[in-house]
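Can you keep this structure in mind? I'll have questions shortly.
We call the chains A, B and C, going by the order they appear; numbering starts again at 1 in every chain.
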Amino acid sequence: MNLFHIIEVQQFKDRGLLEDIFSLSARMEKLDESKDLSLLLPSVPRRKILASLFYEPSTRTRLSFESAMKRLGGDVISTEDAPHFSSAVKGESLTDTIKVVSSFADAIVLRHYEEGSAKRASEVSKVPIINAGDGPGQHPTQALLDLYTIKKELGRIDNLKVCFVGDLLYSRTVHSLVYLLAQQNNIELYFVSPEEIRMPRDIADYLKEKGCPFFEQETLFEVAHIVDILYVTRVQKERFRSIVEYERVKDSYVVDKQITQAMKEGSRILHPLPRVQELPPEIDSDSRSAYFRQADNGLYLRMSLLSMLLKQ
Amino acid sequence: MNLFHIIEVQQFKDRGLLEDIFSLSARMEKLDESKDLSLLLPSVPRRKILASLFYEPSTRTRLSFESAMKRLGGDVISTEDAPHFSSAVKGESLTDTIKVVSSFADAIVLRHYEEGSAKRASEVSKVPIINAGDGPGQHPTQALLDLYTIKKELGRIDNLKVCFVGDLLYSRTVHSLVYLLAQQNNIELYFVSPEEIRMPRDIADYLKEKGCPFFEQETLFEVAHIVDILYVTRVQKERFRSIVEYERVKDSYVVDKQITQAMKEGSRILHPLPRVQELPPEIDSDSRSAYFRQADNGLYLRMSLLSMLLKQ
Amino acid sequence: MNLFHIIEVQQFKDRGLLEDIFSLSARMEKLDESKDLSLLLPSVPRRKILASLFYEPSTRTRLSFESAMKRLGGDVISTEDAPHFSSAVKGESLTDTIKVVSSFADAIVLRHYEEGSAKRASEVSKVPIINAGDGPGQHPTQALLDLYTIKKELGRIDNLKVCFVGDLLYSRTVHSLVYLLAQQNNIELYFVSPEEIRMPRDIADYLKEKGCPFFEQETLFEVAHIVDILYVTRVQKERFRSIVEYERVKDSYVVDKQITQAMKEGSRILHPLPRVQELPPEIDSDSRSAYFRQADNGLYLRMSLLSMLLKQ
C-alpha cells in the first residue's frame, strides 16, 4: 500500500500498514540517538523541503513536524500565521495557494479551520499533503501517534478495554482513535461524559455495525478499575448550556489520585494535550501517566510518515 | 555588470544581464531536478544565510525566496511579522534594524510598506538587499519573473504585442514590467482599464519618449485577438468612486471563455496572483493559461538571483 | 564549571568561566570568516536543533540566536508568536509546554513576559534552557555581550569607570551588567538619571556590600570627561508622572556632540539598542560609538554559549 497524501484515518485500516509505520517509528527513535539520519531521506538532488501551512495556531503540532523533518536531514519553510497570508486576505482560494506552494516544497503539512480542506488541497497538489487538522474534521497523525503509544506502552493494539472521558462530542482526536481501535481485534470501549457532550450517534452506529461493544455512562469512578487505557480530554466550559451545569459535572471528569488508585497496575493514562484541570499535576509522577511520552512519540511517528512519503 | 543590491527594475536595462539571469534561471530549473545544488553556493566557511524581513505579510513571496535559498543549499532566518518587531514598536528606524540584521545574514530580502525603504536599507547594509516590494514602489523580482515567463513561454522578449488589463494605476507589478518591456525591441502595448484606474501619465510619457507605441481602451474583447501576452490584474472595488460604477465595469475585465476563444493560439495569459474573479477557474485548463507556471518560474528566477548575489 | 541552563548573570561570577566564554567568542568570530563551522557542533547522530520560543516579540534577539545556531551548522525550529500558541490560549502551563518542546529540540531559547519563567522552565526541561529575557527579570546573554564588548573595545574588564545613563530603574540590562561589573576589580560606577527612574535601592545596597564605589547624579555633562564606558538606555515617556516633567529632563540624557567632545579619546559609548532620540545619528560615525559593534558581538557570544551547551 502506497501512501501519498495523508488525509484521514480511514487510509490506515490495513493492519500491515499500521505495523510498518509503528516499526519504522520505533526504528526512528533508535536511529535518532545513534546514527546519521540525513541518510534516511534522499538528499540528491538536494535536501527535501517540507512546507508548514498553518491557518490556525498549533505550535506544538507544527514544531513536532518541523523537528521530525529536520531530524531526517530535511529542511522546512514555514508560516505560523497563514490567515494573514496576503493572498488569503485578498480572497485567494485555498486551492490556488496550494497549487503555488506545492511548487516550493516536496510535501505540505496543512492545518486549516475548514472540514474537507485537506482533501481539497490534495486534489490540486503536486506533492503529498499531510492533514494536521481540518477544523472539526480529522487529525490523522494524532490518532496514529495515540495508537502507537498504546502499542509501545502495552505491547499490543488488540484485546483492550479503552475508556474515553471528557468531551466526546467535539474531540476529533477521540473520533479518529475510536475509528482505528474498532478496526483491531477484541476491543471494548467505555465512553464517559456529561450528557451534553457524549459520543455522536453516527460513531455509535458505526461501532454497532462493526460489532465493537461499547458502554456509555456519566461517571468515571465505576470503570476506572476495568480499563487498560484511560484516554482523557478537556471538558470545556463553553460546551455547556449553563455555567451551573458545568460546575455541577466538571469534577466527575478529573483524573485525581482517587481514580488512579482504582486503576489497574498495567493500565495507562493518555491525553492529546494541552491538559488543564482534568489531569492534576499530582498524577504526573505516576508511571502509568503516559501523556508526555505520547507527545514524544508524535515526533518519531511523524519522522516515520515523512520518510515514507518522501523516499520516492 | 555586477549586481549587489536589487532595488528597482531600472538596474536591469542591460539586455546582456537579463539574458544571463534568464539562462541561469533555466539552468537552475534543470539542476534542481538532477544535481546536488549545494555546490552552487559557496558553503565554506559555512552555509550562507538569507534573512527574510517582512513588514507586510506576503507569504507567497517569502516562501518563494526561502525555498530558493534552501534549494541552493543555503539557510534562512525569517520574520513574517516584522512590524511587531519589538524594536519597530519602540520606534527604531529601519536603517538601525538593517544595520544590526545585516550582521546576522549574508543577504536580506525586505518587504516594507514605504516607498524608498529598500533604497534606504541598501545605503546602510553590509550585505545585499533584495527589494521584495516597497509599498507603492517597486517589486523588481516580480517584473523579472514576468519577463522570464514570457521568454520561456514564447521563446522571445522582442516583437511582442502585450495587453495589460485591470488596475493599471496602482499595480506596481504592471509599471515595472511595462518599464522592462519598453527596453526591448518592437514592443506594442495595449492598456485596458476603467477610466478610474488607467495607466499613470508619467508612464505614458515615458513610453512616448522611448518611442514605444501604446493604445488605451476600456474594453478587452476588441484587442483579445491581437495580443501575444494578456497580462491580467485584479480590479479592486475600493478603487472606485461608487459601487455602482464598480458593478457597471467589473465584468468587462473578466477573462472568460468568450475572451480566450478570441485569443490567438500562440498567445499566453499571465497574472501575478492572487487572482479572484477576473480569471474564472474555467480557463485554468487552457494551455495558454500560464499564471501557475509563472509562479513556479519565480522560484528559479530567485535561485538565479540569489546565486549571483552570494557567489562572491 | 559546567553550564547547562543559562538563567541569570549570577551564574557567571567565576572569572575563569567569563574568560573562557570571551576567548571562545573571539575564536568564533575568526572561524566564522575562515573555517567550516559545522565541525564545531557534533552533527552525529544529526544536526543539533535549537527551539526559539518567544512569548514576546524580540526579533533582534531571536534572529541573533538563530543566526548563531545556523552558523554553527545547527538547525532551528521557531515560533515568533508563542502567546497565540494554541496550547497557551487553551490555558496550558508554561512547564507543560516546555516538557513537550524539550523533546523536539536540543536546547530552548525562551523569551517570556513573567519574571522567573526561565527558572521554572529549567526545572522541567530535558535540554538546556537559555533565558532570553523573563519580563522584568534577567537577560543574561545581553549582559555577557555587553561585558564582552567592553573587553573587546578596551582590552580589559578591570580598572574601569563606567557611567550608566537613562532609565536605571526598569532596565534589566543595566542591572545585570552592574552585577557583573561589580564582580571585577577596581570598578567605579556613575549613575545618571532623573529622580523618577534612578537605580533601585537593592542594587545600591549590593554595591555597598561589595565595596564597589558608585556615584549618583542627575546630569551627564559633568561626568562625561571621566568615564571609560558610557552605557546609554532609553528614557521612556511613560515612566514619568507628568509629561511636563519628562519634557523638562529628557534632553539631559541625550548623548550629543557636546557630550562626545567632552569624552576621553579612549572611551566608548554602548547601548543595548533599539535607540531612539537619546543617541542622535550625528554621533554614529564617531569611532567611540560602539553600539552597532556591540550588536554584532552578540552573535559571536551566542555562538560561543550555544557551542558550550551543545557540545556534550
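The rule we apply is simple: a residue touches a chain if its C-beta (ideal position, glycine included) is under 8 Å from a C-beta of that chain, and two chains touch if they have at least 3 such contacts.
Remember, it's a predicted structure, so these values are computed and weren't measured experimentally.
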item	value
Chains in simultaneous contact with chain A and chain B	C
Chain C against chain B, contact positions shared by both copies (same if over half, else different)	different
Geometric centre distance via CA averages, chain C-chain B, whole Å	40
Sequence positions of chain B contacting 2 or more other chains	78, 80-81
Chain C residues within the chain A interface of the complex	43-47, 49, 51, 75, 77-82, 84-87, 89-92, 96-97, 99-101, 103-105
Touching residues on chain B, where the partner in the complex is chain A	31-38, 56-60, 62-64, 66-67, 70-71, 73, 76, 78, 80-81, 234, 273-276, 292, 295-296, 299
